[in-house]
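Structures given as structure tokens follow.
Both complexes shown next keep subunit A, but they swap its partner, so subunit B is in the first and subunit C is in the second.
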Partner chain A sequence: MTIYSLYIYDRHCACVYYQDWHRTKQPKRAGEGGILNAVSQAVSPLTPDGAAPTPSAFTSPRNTLSSTTGLVVAIGEDPPVQDPVEHARSSTLPFDEEAKLVYGVILSLRNMVKKLSGRDEQFTSYRTSTYRLHLYETVSGYKFVMLSDAATEGLRFVLRQIYNGPFLDFVVRNPLVPMDSQVQGIDNDYFRASIDRLIRGLSVFN
Partner chain B sequence: MQPAPANALSTLADPPTRMVDGAVMDYFLIEAVNALRVSSAVAAARAKKIERDMAEAGLLPPPPPAKQQNPRDSTSSTTGKIMGSVEEEESIRSRLEAIGMHVGGNFAERLCRDRSLFSDSLDAIKFVCKELWVSCWDKQVDNLRTNHRGVYVLQDNAFKPIARISSWEGRQEALRRAKLYVALPAGIIRGALSRIGFHGTVVPEITTLPQCTFQIKLPKNT
Partner chain C sequence: MTIFSLWVINKAGGLVYQRNFADGLAQLTSNEYLVLAGTLHGIHAITSRLSPTGSSSGAQVIEGETFKITILLTATGTKFVLLTSLAEATAEVVLQRVYEAYSDAVMKNPFHTPEMPIRSEGFDARITSLIGAGQP
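And now, the complex of A and B:
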């Protein structure tokens, strides 16, 4: 029982935040202009002079699976799971395409559910043989998407906790994070650290 | 049965006045800084335009010719940019402090309603550290130092207005930008002190987030 990754999308359909805990293959960096500025240190495009973006002060102590250059391959992973998105292509997708793919999936499923059952039904999660995707959507248009292993139930509650806790505290009430901007994401130190603490404190995490 | 301790009862009977809603204050400060930034830019642009118009009409001596931006001379262009933004920051900061002074004065009126006159400046500073801090930021000051000659240093280890400031660009950048958000609290302190009769200056300083110190200089004759 474990949690793979978290994506946050805003109401402009752009990915504004990404964090992962277990991935078989590291995400490939997005191309120039592919994703917004402050989404995640690990997947931002490299600056033109070739240097990696300045590493954030937060590095999780037990995170052996990713470094700031994103080149470490996962080792010691329990049941060998393929990240679901990787199945689509044989080579790794750059991150911006991967984010768009995930967004497309949830948008289509959401629209289909609304058409089938009426406006009161909400798409919450879907499960395949290897993973499960949970969606929590806020009234303001923010979509929290979490990927976990197939056996985990009910992570919608966790997503709601993330919204009520770290998101409200360190994104909404943080003067330095532009909320509805179309050019910048919402990544920052405190937010990343508090989400990490919350997720690692869950009983379903490993 | 043991009687409940006296101060617990008295806090129940007479709860400290909470003047500020924390969440509303955060949102207000965010919007206020953005609005003031835009307003200062407009005011500065307007002043420059008036200067230029007057210079063209011959009323003012023409402004000194702007330094030719030598594309290969990187130092002069960066200092020019930095000076411009420092001036802007300074004007936003002084406006925030002025707003804070009005607010602080009125807070002091409300909070001092039932108490006796202040005996000396140390008494006034203690009032600030306890009652003003509790009513605005829900805690007391963590450390007070003085040189007994009119200079007081108040230290708060987890100052509420800057407790959530965190930037994608790292700690240094967050620290630099946080300086603007303590201008309003500094104004509140200064306004409260000046309304109760102690006119001085308050200088905020942030060494590490979220720790903040305020250096208060009061005149020596009290």
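And now, the complex of A and C:
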């Protein structure tokens, strides 16, 4: 049992955050302009000179917490371009297209479940032979999507925890994050580290 | 433990059989069922491409808060779809039985045109004995 990845979408259908853990099929980097800034350094387009994208600016410039102080920061592990990982990405979708497909699927299934039930019923999850997708939608239209192993039970409570904990603490209460801006994602070091800690602490992780 | 509805979707995404067995879900027009079946067909294809690890089948079970959709994809591309309550544990088994009934009562029927809507009393009778009479 394991957790593969987490996507967060805002109410404008844009992917504003992405993080993954035990994925073996890594997505290719998004094309230029394919996704917002500050979604995830691991999948953002490379800058024109070929360098990895710069870290998100939403962490205070007066950041006195560096990784040497013990804060675990789960980013900055971008492999160089000729890395075998990058090579293995060639057979998979670029991240921007993948993100759109995920959004399309959850939106269609959400509408389908609403239509079939005739009530305001939420779509919660679907399962294939190798993975399971869970959806939690907030009242404000943010959609938390998690991909896990096919054998896991419902994980909506975890998505709720992410919303109630890290998301409120490091995104909503962070004045440096412009929410609902349609140009910027919500990635920042504290948010990422906090989610990482929460997910790694789950019994279904590993 | 309720079975709401059974659909058969042909390999092109067309709804060739649809029958309701219990109340609990919205009553839709046949046109709306056709659209939903087409949507399901498309989603099913996309879900197999989204696998984070290895190759994957399409969606097998889709869950809402009070009901679930169980999908059986056969080797020929025909999909059998069962809408049941969340607690229904026998959905996969029922779908296998439906597939058997389909093979016997539909595919062996020389008057049936493949990929076209199923109008067969024999199939209807087999489904009735399998799942129940429900609504006509």
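Keep in mind that, in the parts below, the second predicted complex is superposed on the first by the 170 of 206 C-alpha atoms of A that agree within 3 Å, B and C clash if a C-alpha of one lies under 4 Å from a C-alpha of the other, contacts with A are read in each partner's own complex, and residues count from 1 in each chain.
Convention: a contact is a pair of C-beta atoms (placed from the backbone, for glycine too) under 8 Å apart; a residue touches a chain by one contact, two chains touch by 3 or more.
Treat the numbers as computed from the prediction; the structure is a model and nothing was measured.
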| item | value |
| --- | --- |
| First (subunit B), second (subunit C), both or neither touched by A:107 | neither |
| Residues of subunit A touched, compared between subunit B and subunit C (which is higher) | C |
| Which superposed partner A:115 touches (first subunit B, second subunit C, both, neither) | second |
| Touching partner for A:204 - first (subunit B), second (subunit C), both, neither | neither |
| Touched partner set for A:176, first subunit B, second subunit C, both or neither | first |
| Subunit C residues within the subunit A interface of the complex | 25-28, 32, 36, 39-40, 42-43, 46-67, 69, 83 |
| Subunit A residues within the subunit B interface of the complex | 37-38, 54, 56-57, 169-170, 173-177, 184-185, 187-191 |
| Touching residues on subunit B, where the partner in the complex is subunit A | 23, 26-27, 29-30, 33, 164-171, 174, 177, 181 |
| Partner subunit C, residues of subunit A touching it in the complex | 4-5, 20, 22-25, 93, 98, 101-102, 104-105, 108-109, 112-113, 115-119, 121-131, 133, 147, 154 |
